[in-house]
Structures are given as structure tokens and as C-alpha cells.
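Across the two complexes that follow, subunit A remains constant while its partner is subunit B and subsequently subunit C.
Up next, the complex of A and B:
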């Protein structure tokens, strides 16, 4: 049976998939940042982003505009990320990777619990970041909000790339991640570059949370958990040690999930996560280090 | 330390553990015995996780899902196929072992975080799959053996007759879980000290070196997942009994998998005695946290803080502390 494909509908779905993908991408890049610096997946990344979002929500309740709250929160998250690394991660810096990973699981419980404790469990809603009107491009109506989210997330990732590529500090951080011992010999304070990495990752996560919250309509303290799962999947799909891979993997995942949810009805909401992960598993079995990750060479 | 003394020390620890399990219920209230029985289920599953992660070096974030496979095997066989619940325990172990082999398949190609994601995918997918195939699993309602198979649920009426004595159900479940736990811990102890255990540790320490000494690394990884699946399945099967003969998809969300890995690392990977401590940690610390403050979210904060503090103070887990304390004694033997 021939099915007429509605190309305008597909284009809308792709754009809205790219917009969720952009949010996953920022969180995925945050995961990659910390992974490259310390070899650990930060299980608390999503919850930290959630906490930042709730701080911003409180500011908007006290009369601040969305974008003022946005800037204040992102800066505060940067400082909080550094402080967190200094107090909680630094003591286990020399421990096995799994120990540090468990510390981040502990952080997950702490941050999630603290948010429930401070902001009661009722759902919240965030003012819109962008106009809710649609915009017509080539006869197809797109949501301004989707386009804005894509723009801001790409801009954030681009700024981060420029920082790592063109500044002395960025170079020092890359060196410290690549070879901590030699970097120490050249005078780089490796431990502080890790703290800075945590700061940047937390700030980037805050941007992700702040962009993700308004389109949800209402959200509670668990709203970042599925997003973290997709970001993790996107980062692994692209290759966990490649920031570009994480962006591409996350955007592809966002589009794929959206098309899957719209056009494959039997998948439904229950199996969406499972289906996405199954596809990633297949990709990984073909390319064990992700799309752009460095394959570990083993000669046996 | 000579081999004889080391084996002697092992036997002494095992004898002390058996004695402790035998006398403990006399001092425990009924409710407390039930909580300890739950910890016994975690103990069994964590021993299995320790074989994969501690001894073979393969991170698994999917052991909660393997427990679910065991739990549903027991629930379905008892509810629909006329089995007595206790006889399904070994069967649940075998079905979960088969599932473990399948979960272990990606381990032949993937390592580190990529494997962690693959196993995590299994953990996330499990509740969705259980809801989807509701004809078999009862969907999100779950399966309640208390309603469906009361006469085949051992001890569901409050007491059990064993060897001419009458035991309160919770005492019976305590003896059952920790008894099976100790036997399986003994089996794991023998396993890791033998040829297979040496192969496991070789894979963990250097895959290249292991492969060049003729060890089939892919096979041993899958074997570790399979054996580990058996343990998780038995733990999950018993978990149905200690959860008032009830199981539902939300019993085994991905948080159970995270909790198990927390228990294994807090207990101290590579230490079997530590696994019991890890199991007690994930069973009791959340409850104590809830006693400190019942404000929404507060227990979670205290539980997380306990995890972070243990890891900062004891990076090798509580089992590492145990080893450090006993080393000065055993070194002189």
C-alpha cells in the first residue's frame, strides 16, 4: 500500500527532533568534558542541571526575566561546579574510576533529594524563552522555540570549542586531559584544570536544563533523568571521548527518537527509550568505539 | 602465609558466618528479620555482580534486570504452572543465567563505558518490556502470588514447618536467604580460587596478557555474566518471597541496578565478606535516612551523603577496611 509522505510534516518533526537533540548534545558534551578529564561518567550531571533550573525558576518567581535568570544561573552553576569538584571529587581523585563513579551516584541522590527538600514536590512551570508563535519558512510552519533552542545550543557548544581551541587555558586543559604527568612537568596545575572542567560542564548542563524546562509546560525534580539517559546514549553513540561525536550522536538521536515516536506507532511511549537504546547497541556492535571515538588498538 | 593457613582462615570465617546466621534471628524482631531477609537477596545478587565487575573487570549496570528475570520466572511458574515457590528458585537462577549469557554477548566486543551503556540499556528496557508483554507478566499490575497461588507460597500463612519445628515466616525467610547466600558465597569462593577464577582475574588485569597466555577472553567474559546471572536470578526469585509474594515492573526499575553497583563498590569489589556489608548498606541505610527526617527528599540526601562519605574515607570500600584491619593479624600466621 503506497503511503503518501507529508514532507512538510517530516521537516517539522526533524526540526523539533534537532531541538531536543541540541539539549541532549549540551549535556552530552558536559559528560564528555568530565570523562576526558577524569575517565568518569558523571551520573549527577542531569541532576545538577535540574538544580540550576530550579534556582533560575526561583529567580523568575521573584520578578527577574527569563534571560536575566539564565545568565545569573549559568555563572552561579560554573562556580558551584568548581566548588563541588574541590569538596567532593578531589578527595577521590587518585582512587579507582569506579569509586569516583559511585561518588557521582551519591551526588545524584544528594542533589535530587535536596531539590525535593527545598522546592516542594509540586510541579513547576517556567516562562518561555522564545516566542511561541510559529514561523513560516518555505511554506512550512516551524516553531520559533525549536529554532531558538537549536541556535543557543549550537552557540554554546561553539563557544566551548573556541575556548578549547584558541585560548592558553583551553590548551592547558586539553594537555592535562591527554597526559596529566607531562602536563604537571610543564607547570600546569592538573587538579585545577579538572575543577575548571567540572565548572564548565555544570554551566553547560545549566544551559541545557534552562532550555529544556519551558517547552515541557510543567516539570518536577526528575525532569532531567530521561534527558541524561539520552545524552549518555548520544555521547556513547558518537564516541565518548569525542565532543564533536557527542554533538552529532545527540542530534541524530533526537531526530531518530522524534521520527520513531511519530511514524512507528507500535513503539509507543513505553518502548521509545528501549528502542533507542537497542539501535545504539547495534551501532556499537558494528563500531565498538562509537561513530567518532578513538578505537583502542589492541594487538594480540 | 602458607596455603594451609589461608584455607584455615577461610574456613574459620565461614564457620563464624554460619554461626552468626544461625543465632541472629533470636535477637531480631519479626519486622527486622524480614528486612534482613531482603538484604540476603541483595547479598546473593551482589556476589554475582562482584564476579563480573570485581573479578572479571566488566562493569554491569544491568543486574537489577537480571534479578527481574529471576523474580518473574518464579512468579509465572508458581502462579500459572502449579510449581511450589521454593522449587522455582534454582530454575529462576538457570533462566537468569541464560539471560546473563545474552547480556554478556556485547562484552565480547565492547569494553568500559560502552559495555556499561549496553547493560544499562537492558536495565532501562526491562520495566518497559514487562509492561508491554502483559499477557505473560500481568503488565503494570504485576503478579500477586498471595492471591493466585496461596497454597503454593511457602509461609504465606505466617509460619512454616521445618524439620518438626514451627518457624515464624520471617525467621524462615531469613534462614532461607542467608543460608542460600552462604552456600553460594562458598561456591563463589571456590570458583575464584580455581582455574576459572584465575582466568577471570587475568581478563580483568590485562586482556592482552590473558589472550596471549591462551585464555579465550570472550568466552570467560560471557561465562562471568552467565554465572553472575544465576546469582542475580536466585536473588531476584527470593526477592518475590520476601516482598510478600508480589512482583511488579516497578520492583526492578533501573535504580535497583544502580543500587546493586553501589552496594558492590561500598562493600569493596573483590572481597566476598564485603558483599554482605554492601548488601546491608543498601538495605538499611535508606531506612535510617528516613528516620532522620521525613521531609520530602531528605532521606535521599542522607543516603547520598553516606555513599559519598564512605567512598571518600574508604576508597576500597568496607571490604578494604576489613582487609586492612585483619592484615596485621594474618601476616604473622
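Up next, the complex of A and C:
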């Protein structure tokens, strides 16, 4: 008996997966940015995004519209990211990678704890960023919110790419990440490019958190943790040192997890995180460099 | 007044003292060579100037104390082509050249210099979009030089430019440096193992032995100097 495939349903799930994937992609690119500049995975990336989202939520509670709060928070997060690097990361700049990694893990708990201390543990809800009405394209109803999230996340990543590709500062930041010693000899203030990287990553994380919160309906101080896991899986899938890879990996992961959750009944929503971990594990075993990353060959 | 002057400069890597009480100067428009065996401290001396090692003693550049951070040394007007050339292998030739001008603010001047570099080094024009890592050794050395010149330095530091290059490529390289010195008054401090070409291309030279200046003089004198000839020129 032939199985009837509901193509409209598949299309809807793919778009919805791309929307989740877009959010993972921004956080994944933030991880890649800091990884390339310092060789460290910033474990606090998700919590910083959560903190930004709570700041924006507070603004919306004081009469600001969603998009005003969005712009203010993203700019403030950029500045806060730079300040954080100057105060917390700078002192361990020349330490082994493990030291810096532990500092970012510490940051994870501090930011999480601070958010619980500042804001009550009750769940919050964020005003919608986009219309909640569906839009019909070729007879299939899509969520405007999903399409909006895809649009904003791709735009954010595109702007970042243009910055790195076409500006003098962007070029200096890439050079500093590739070869800090030679960069210093050409007069690049490497230490500042790292701070700037933290600023950009924190701002990008804020965009991710701010887009992720409204569709959840309600969120608390732990809402970014699974998203960080997905972003990490997306970045590993794409290659942890490739921003383009991180975007492709995250979008693919978003779609994959969404289709898996929808069509494989026993996975549902409960095993999504386990599936993401499985992706990380398989990639690291089969192709450690990911789709577009550079393989590191170590001769022992 | 010399452009660069080192007085009693010492440098160390941890407990290892690599330079001891170095006195050295480079005049405006002069090419000065530093010779010495492996481990004599030649590279360390350039690093000491660029502040990529910790130093003590006095370093004066253009009448002012030389800052002690590499990026500030570059901004003061010193371009350093390090061992291994320091080009960015993953970046394109074009990007490497633009990075050379990172400290400059005069856009029209940078644009003009960029065009001049492509004229002077036609191979770089051909390979503009290519990753620097795909160039041959000689081409990379040209790129390293062009990138340093993009900085419009008052003083150029060259660390063993002949290393790994065919003899013909080496003489071509030194010919270009000599021409830049003659036509544009570029001051150069070059560290070399290849003593014959270094002495032939410079006005004055220093010989380093275990972190000290053993012999100093005009390059012509050093070419005739008994022990220099035997140890470094091999005849």
C-alpha cells in the first residue's frame, strides 16, 4: 500500500526547522568567532544570550516595543561583550586554552546565577517579534514568524560576513586570528581585535536569544542551554573553525531535528537533545573537521 | 644622529641570555648587515628591536625611545619581515598587501603604493587573488617585502631573506632592496647567514658571536677581515 506523503506538511516542517536552524546558526557563528580568535569554545555564549534576552524583556516591561528593545539590547550586548573580554578574558589571554575554557565555564555559572538573582525564577514571556498570522505561499500556510526569524538570522550573518570580507578592520581581525605574531608586527592591536570579536559574538548571541524567546511562549533563565547544545552541534557539523560551515551545519541540523521530531514518533521532542549529541559524536568520529573545517593533523 | 641606536641592549628567553650589551646603530638611508652563526643572536636582535622578546638597555629610534610593544614599534615606522616571512598563508596576495598598510590612514597614498607594488613585483599582480601559501618561496619573499613596504617604513628589518631561496632569486631580492635604498633612501637592517651577499649589499656590518658584537666595521673592511673571511666567507 503506497504511503501518501503530505508534502505541504513536509514543507512547513522544513521551514520551521530552518527557523530554528537560523537561531542555532547565529549562536554557532558566535562560537566560531571566539574559537578562531582565541582557540577556545565559549561555554558561556548561550548564557550571555539569555542575559541579553532578559535585559530586553525588562525593557519591554517598561513600555519599549519589541524592536526598540531589540536594537538597544544588541548594541548594549556588543559593548558588554567587549567589557567582559577586557576584564575577564584579558588576564588569561596568554594562558593555556584549558585555563580560558574553565574561565568561560565559570562565566556560564556566574551569568546564570546573576540572572536568577536579578530576575525572579518565574517564567517570562516575550512580546512577539512578528505577526502570528500564517501566510499562504503556493497554497501552503507558513508561519510569518518562522520566515521572519530565517530572514533576520541570515541578514545578521550576512552583515557579519560583509564586515569581515570588505572592511579594513574585518581583515585585521581575520589576520589576527590566523597569525597573531605577524599581525602584531604589522601594527595590528591583536588584543583589541579579540575584544571586538567578543563584542560581535555577544551581540550576535543577543540576536539569537531575542529571536528564540518569543516563539517559546514562556522562558526562564535556562532557556538558552539546549540552544547552545544545538549551536555547538551545528558548529561541529560544519567545522568549528568555519563560519560558513557553522551556518550550513546549523540550518541542516535544525531541519534534521525538526523532521526527526515530527516523523519519527518515538523521538518526539524529548530526544531532540540526545539526537544533537549523537550528531556531535558521529561527526567527531567520522569526520572531525566537519563539512568545511580544516583538519588539524598532529604528528606525534 | 642615527635613525636607530641600540645601547647596551640585552634580551633573554627565560633563563637563557640571548643578547648581551649590544651597541648598534643604523643611519638614515643606510643598509646595515648583521652576520653570525646559528644561535649567535641575530634573530633575537631583530626581535629585541620589535619588542617580541623582553629587553633591557636603551633603544632609540628617530630621536625617541622605542616603544616596547610590537604593534607600537610597527606604528613608530619599523617594518619587520620575520623568519619564515610572516605572510598570511590563508589570505590572498591582495589581502596581505592591504594588511601591510594597516597602520596608515592616508587612503590615496596607500592606493598609490599598492599600484606601485604590483608594478614593481609583476608576479604579485598576476597572483593577486591567490592565497599567499600557494606562492613559491621566491614569490613569497617578494610578497613579504612588498607587504613591509606597504607600511611605508622608515626602517626595514629583514630576517634571513636568503633562507631557502635559489642563489639567483637571492641576488634578485638583494638587488631590489639595494635599488629601494638608492632611489628612495630606505634604511635597512638585514640579518643574514649568507655573509658574502650581505656584505656586498651593505655599507656597514656587525658580526655577532654568542650574543655579543664581536666585530664591527664597514662592509668593505669586514670583507678583508682575516677571521671574518675564514669563519663566514669561507676563503
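One rule holds for everything that comes next: the second predicted complex is superposed on the first by the 290 of 300 C-alpha atoms of A that agree within 3 Å, B and C clash if a C-alpha of one lies under 4 Å from a C-alpha of the other, contacts with A are read in each partner's own complex, and residues count from 1 in each chain.
The criterion applied here is as follows: a residue touches a chain if its C-beta (ideal position, glycine included) is under 8 Å from a C-beta of that chain, and two chains touch if they have at least 3 such contacts.
No experiment lies behind these values; they were computed from the predicted model shown.
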Touched partner set for A:130, first subunit B, second subunit C, both or neither: neither
Touching partner for A:277 - first (subunit B), second (subunit C), both, neither: first
First, second, both or neither for A:110, with subunit B first and subunit C second: first
Partner chain in contact with A:57 - subunit B first, subunit C second, else both or neither: neither
Partner chain in contact with A:198 - subunit B first, subunit C second, else both or neither: neither
Subunit A residues contacted in one complex by subunit B, in the other by subunit C: none
Subunit C residues touching subunit A - in the complex, by the definition given at the top: 50, 52, 69-71, 74-75, 79-80, 82, 86-91, 95, 98-100, 102-103, 147, 151
Subunit A contact footprint on subunit B (complex, rising order): 53, 59, 106, 109-111, 113-114, 116-118, 120-121, 124-125, 128-129, 131-132, 207-208, 211-212, 258, 261-262, 265-266, 269, 295-308, 311-312, 315-316
Touch list for subunit A against partner subunit B, complex: 35, 41, 43, 88, 91-92, 95-96, 98-100, 102-103, 105-118, 120-121, 221, 229, 232-233, 236, 240, 270-271, 273-274, 277-278, 280-281, 284-285, 288-290, 296, 298-300
Of subunit A, residues touching subunit C in the complex: 168, 171-172, 174-175, 178-179, 181-190
